[in-house]
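Note that the chains are named A, B, C, D, E and F in the order they appear, and that numbering of residues resets to 1 at the start of each chain.
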Amino acid sequence: MHMIEAVIKPAALGSLKKRLTELGILGMTALECKGYGKQRGHTERYRGARMDVGFVPKVLLKIAVKSDDLDKTIEAITQAACTGSVGDGKLFVYELSRVVRVRTGEKDQDAL
Amino acid sequence: MRWIASGVTPIAFLVLALGLMVMPDTALAQEAQEVAAEAAEVLEAAVDAVAGESPAEEAASATPIDATFIANNLWIMIAGMLVFIMHLGFATLETGLTRSKNTVNILFKNTMIVCIGILTYALVGFNLMYPGFDEVVGIAGWLDVDAIKGFITADTSDTDLFGPDYAAYTWYTDFFFQAMFAATCCTIVSGAVAERIKLSSFLLFATLFVSISYPITGAWKWGGGWLDTLGFYDFAGSTIVHSVGGWAALVMVILLGPRLGKYNADGSSNAIPGHSLTLAAIGVFLLWFGWFGFNGGSVLSADPILVSLVLVTTSMAAAAGGVAAGLVSWAAAGKPDLSMALNGVLAGLVGITAGADQMAIWESVVIGGVAGALVYFAVIFFDRVLKIDDPVGATSVHLVCGIWGTLAVGIFGAKAGMAQLGYQATGIVAMGVFTIVFTLIVGGAIKAAMGLRVSDEEQIEGLDLGEHDMAAYPDFQQTTIKSYQLREA
Amino acid sequence: MRWIASGVTPIAFLVLALGLMVMPDTALAQEAQEVAAEAAEVLEAAVDAVAGESPAEEAASATPIDATFIANNLWIMIAGMLVFIMHLGFATLETGLTRSKNTVNILFKNTMIVCIGILTYALVGFNLMYPGFDEVVGIAGWLDVDAIKGFITADTSDTDLFGPDYAAYTWYTDFFFQAMFAATCCTIVSGAVAERIKLSSFLLFATLFVSISYPITGAWKWGGGWLDTLGFYDFAGSTIVHSVGGWAALVMVILLGPRLGKYNADGSSNAIPGHSLTLAAIGVFLLWFGWFGFNGGSVLSADPILVSLVLVTTSMAAAAGGVAAGLVSWAAAGKPDLSMALNGVLAGLVGITAGADQMAIWESVVIGGVAGALVYFAVIFFDRVLKIDDPVGATSVHLVCGIWGTLAVGIFGAKAGMAQLGYQATGIVAMGVFTIVFTLIVGGAIKAAMGLRVSDEEQIEGLDLGEHDMAAYPDFQQTTIKSYQLREA
Amino acid sequence: MRWIASGVTPIAFLVLALGLMVMPDTALAQEAQEVAAEAAEVLEAAVDAVAGESPAEEAASATPIDATFIANNLWIMIAGMLVFIMHLGFATLETGLTRSKNTVNILFKNTMIVCIGILTYALVGFNLMYPGFDEVVGIAGWLDVDAIKGFITADTSDTDLFGPDYAAYTWYTDFFFQAMFAATCCTIVSGAVAERIKLSSFLLFATLFVSISYPITGAWKWGGGWLDTLGFYDFAGSTIVHSVGGWAALVMVILLGPRLGKYNADGSSNAIPGHSLTLAAIGVFLLWFGWFGFNGGSVLSADPILVSLVLVTTSMAAAAGGVAAGLVSWAAAGKPDLSMALNGVLAGLVGITAGADQMAIWESVVIGGVAGALVYFAVIFFDRVLKIDDPVGATSVHLVCGIWGTLAVGIFGAKAGMAQLGYQATGIVAMGVFTIVFTLIVGGAIKAAMGLRVSDEEQIEGLDLGEHDMAAYPDFQQTTIKSYQLREA
Amino acid sequence: MHMIEAVIKPAALGSLKKRLTELGILGMTALECKGYGKQRGHTERYRGARMDVGFVPKVLLKIAVKSDDLDKTIEAITQAACTGSVGDGKLFVYELSRVVRVRTGEKDQDAL
Amino acid sequence: MHMIEAVIKPAALGSLKKRLTELGILGMTALECKGYGKQRGHTERYRGARMDVGFVPKVLLKIAVKSDDLDKTIEAITQAACTGSVGDGKLFVYELSRVVRVRTGEKDQDAL
């Protein structure tokens, strides 16, 4: 089992969710986050002062998948989230040693 | 129909007006100096007359006529203040019903509308709208170049302007009350075009609309023009202010197109919830409060019977509108909808505005109740059938209920009758046509010349960053994780 | 005690009232048509009389009596507007002191209370409360079926209603001011039962309370009833409005039970902070502002001495209440508590309300200061000792300080004395008992018939989703990670 | 210069004042009882005179003088209410322009300032400011110990205080209006020192400032003092209220130092955005609304010509200020800055305040426009050049534009002339010097005795937790991830 | 050392925290998040329109534990967070290669 | 490749970001979070009641680094975030099995 952490543009969330549903991936957890990278943050102004804000609003998606589904999920995310402009985001994948579904106590593969 | 002719020269007017405002040529400046000197003398005299005497002396010499005049004038001044606070009501309502990423933009627009509205009304609108009064100030006609600066440089030594011979209030009070009214009309457009219009394009349109179109249609009735002669009745402006603002809003929305993400490929519509129903509710309460001045002040005196009747009919209609919209939404959708109930209150207020002084109590309840129910279906009809993307429901509230209220004067109350209904319809159509044509020409010209919409990227990021480089709520975490999907009822 | 008898037929009344409002039968409709026609004529005459003449002529023919009447009437109208804005104050205060997941619900309740309050007051309350005036409008008695539609269909040709023979203001002004007052009383209950009451149950109770219970107790004093005859004094309603509202709130809270998570198994209490102290502070400022009309308008004329005295005593008491509560919380808890200081201001205002026209300046400071200190301990006493879960402190502010203020009329000021203290206590007890009994019966009946509380799941998710399917602040990330644990002081 | 002498005994005064307020000794209490008894009788008589007669009788016996007096008094009372609402405007403006972690603290400060301001003005300020009136109440001189409790225990049987012989309004109305004014002056300081001042130190300073310094400088002009004799003119307080408040703010900011993180090691400045521009905008609209009372009420009667002129000049200046600041920021920085436009509206209002009754319409536009432009550069100048950390721009708005407005009386309008300009400059300097010295001494003493700044840890965590253990918005996720870096324009 | 990431219902946080404290687990980090899974999001309404909101507010807890404590911690969480109704949440476990306490520079086991 | 998750005090973010930029680490993702540990939460008051709030606002930083950069990055963070007072935070490190840059499809080392 692997966890995919995808940092994406907020506007991509809708289409991404649709694509994953089509793929049969029916669970995910989303967090508000702010990213810093090649994409420059915006400029803000306040009472005559101009200032740079480094961080850009992003969405962090956590999607746990069976290892078999990993490749196709990654591909789906990459496609759905890609606009081709800087700041599209990154995927980070790591291995999970255990998964438990709280409600039923199901474990690992069964819990996904 | 000499009024309509003037519709073709709006740009000329504006350039002139702005020119006068921004850079008075030396001749004008000199003239202004003279006028100011005169004004100074008059004022000095006035100050002496009032402040120079001891209060006791002054009081002793007071005649009955003064006290009535003072009270009448006081009420119209206070009514003007109440209409002013409606601008705060509109600002909070529109801010609340739109997304937090466009808040700075909406607040900026609404602040500027008040400021520009007052300034241009002094330069152009006031004299354009009340041509009859030009004679009083000794200016030949309203198309005369002098007219457009009539108020701002008028001969203040003409004491006729300040006493009972002019009206139940002073000339300044008249301007104060009317200027606050005028800006209201523009604010109606502001809400409908929110979240995607370019700031500069909007401000240009608003300036032209408030300084030319609104005063011309207004003059047809309140300036003693042909609709007044005909018998058209619009007490406080269901048509002159609200439906006129609503028509302009409708045309601008059509020229502008919907917000990104509002309509799906299959034509279905997505709801785009506003960021604070608390602000929206504050706005509606403030608007109701301000409407006491809007309608109550339109009596144009502090006449106890009429003003108190108007306050009661206004309140009954607002209450009936709120209850009706709340109940209809409850019945239609299974749960009561606050945004609809709030719109219902406004619908009732707009509806009673044309005949607030003509209705019996129960009639005001009926008019308000119908308006409240109407607004529910109008919002859905505009949104889903006509695909008009109006974030705050300005067209439903001001246009639809403005028309309803104007017609209601021919159906209920002291003036009810088929003839009156005809006059009302005439007025609605005439003002509607003029406003639509004006907005199409001016809005279309602006669209061609400088564009109306911000870029899609700017819409996504929000107009606050795009137009202002500012964030309204930097200390609060905004949610970007939302994925509303419309489920057709 | 013929008044109490009427308490047994509230449901009948309501059905009747709602029936009249929603579906007038043909007979009524016809009658209404006639009345309207008459009304139309009168109005026309009135309009002619006022607008038809040129302002100059009108002014010239004005007699001194008119100017005084205009000024008096103007003030009461403005006072009514100020009382109206108190509803916005209550709405923001109650919204601010509760959680963001219940905001839509509270705003909906408070919007509806104003609307329903005004409508039912026109249908029932006004005529029920001022039976003395029935004679003026030619209706036999207040229990007469006609009475309940007295205002809404009254013969407006009776010009006695609009001139100095009626009062220092017109009949419409009277209604306007009183209707705004009536709705206030209900809003007090709204805050106390917030965050767990079923919307429909609340609205039903509120409608019955404002249209039956409040007018009956009110009539005992302001309608010229037995308490008035006795010598009971309650200038602007410390008891008639505030403690009556407070009693209803108390009984409803007991019938309803506390919010989920408010009390621990061991009986200790958890604080459940409201979501915006900014909104709460805005509410208190607006309430103070509106109170100028609430107390100042209760002079029932623009009498310069009395009104200005009342404005000063009102302000002094509010200021003293705020400072006292702020200092007491600072002393008792080590740090000054804003929510307490805000409650202190309201406490001072409620406290001075009964005797605002009777006190010397220093006495108003004392009354307000005591109220401010009282409210601090009352909040803690209700919350921790009595286990009354009142999210906004309505019982502490309105009930406790309403009683204090009413008693203060027997202790301080022009009426101080043991006899007066006795009258005051009588009034407090009589109105308290009636209100408690009424609320127990009606609230209990509603509880039995349709339930009072929403489900626990709905409480956890929030009433905004449960009752309305709406979110008040969709653009802001709400915090669910909070785990307050009370540390007993 | 006997006034200045009094500056050396502020602490004595305060102790006395607080002593009187908190614990009246028995002698005083007894005296108060007597006065109260008398007051009660008078009031009773007054109540009888008014309420005892039927309204009809009363109206019939009314004489013309009464109606004028009623109307005048009514307007000044309403103007006082409008000035009251300015405190809500200041509270929301200052709250909006500061961070959400300091919101409770700011709201607490601003609530207390109103309360303390009203109480101390009754105890000390009113009698200190209007020494001329002491004679009316039969008190020898303003330094007399009796004077400081003049208002609160005055002989209310002196009916001269309540009729036209006193002024165009009653003594109570006078106090009501003036007390609301006085508290305004303190609030100006509150905004400038926000986000780092110790609550107790601030409240002590504010109490001393409003009860001693403000009344003394105010008395020089409005109390009929030497500046009045000289010819200095300040209609509604550009200097007496605004620049005086601005000077105190400036000195306190210097004594206090900037907020943590405001200035970098290299001297460059960081912007620290406020948490809600919506609140800031609400504040500005409310302040504009309140200013109608601030300026309009300063006519000190409801004189139709003067009051309506003042309302128009006030609105024109506000509008011009808003447009000017908006355009200047647009031109200077490429995008229009809402926070600047809002400051521009206030700048226009402050600017016109000194000569609102002296200007022709176009002059008010010029004065407001200049103020609006001025405030843009002043904010930047104070922030970046002088390194004065003023979170809300109080010094730019109130000090700079207050001075500009005061000088403008010598440049424009009925009084324009070199001599007048000299009087204006004299007044500005005299009041400035007194206020600076007073603030240096009192602020310095407080700094030495109890410190002015909270600890750095408290500043980081926020004053809400540090001073109050409360959070203003517990349901909203605050953002801590921000890293603004100033990019010098 | 393992990191447990638990997505739970917000209402379960209080009792969960209490249970973990009893167990001697004295550190954790909590984040607001929104989940998507078997539990359907709620319906919202706005000006006459009805719409589905897919995501449900949840809390994401991160709890780093010594590997010895892993089993009992998982059990404790599972029990405390379980209400038996859909949406109770899931646990994801992965291995940590290093832990550092910033204040002291303590490493790995010592840092927990 | 490793992912460093650092829970730090919000006030440390500015200097930390500066230090990492100097080090050539040009990407990171930041989340608002609330921590619970040795540092006691604050006390709040409300209408006369006093209560303890267990959680303290923190920032959770996620920084993916090449394994070679791991040590120096950890050191840099530890130094920049350390004030020496309780609550300075913790670092958690785990291995990443994959990284993908959405915009370009670059993989693993290339994506960092």
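The rule we apply is simple: a contact is a pair of C-beta atoms (placed from the backbone, for glycine too) under 8 Å apart; a residue touches a chain by one contact, two chains touch by 3 or more.
This structure is a prediction, so every number in the text was calculated from the model and none was measured.
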{"item": "Path length in steps (a step moves to a chain that is touched) from chain A to chain D", "value": "1"}
{"item": "Length of the shortest touching-chain route, chain B through to chain C", "value": "1"}
{"item": "Rounded Å distance, chain D centre to chain F centre (Cα mean)", "value": "47"}
{"item": "Length of the line joining the C-alpha centres of chain A and chain C, rounded to whole Å", "value": "52"}
{"item": "Whole-Å separation of chain centres (CA-atom averages), chain E against chain F", "value": "18"}
{"item": "Touching two or more other chains - residues of chain A", "value": "17, 30-32, 34, 43-46, 50, 54-55, 94-95"}
{"item": "Of all residues in chain B, the ones touching two or more other chains", "value": "64, 67-71, 74, 78, 273-274, 276, 335, 337, 339, 468-471, 473-474, 476-479, 481-483"}
{"item": "Every chain pair in contact, whichever chains are involved", "value": "A-B, A-D, A-E, A-F, B-C, B-D, B-E, C-D, C-E, C-F, D-F, E-F"}
{"item": "Touch list for chain E against partner chain A, complex", "value": "2, 5-8, 31-38, 54-55, 58, 60, 74, 77-78, 81-95"}
{"item": "Residues of chain E defined as touching chain F within the complex", "value": "3, 17, 26-32, 62, 64, 94-103, 105, 111"}
{"item": "Partner chain F, residues of chain C touching it in the complex", "value": "269-274, 329, 332-333, 335, 337, 339-340, 343, 376, 379-380, 383-384, 393, 481-489"}
{"item": "Chain C residues within the chain E interface of the complex", "value": "460-461, 465, 468-471, 474, 477-481, 483"}
{"item": "Chain F to chain C touching residues, read off their complex", "value": "34, 43-55"}
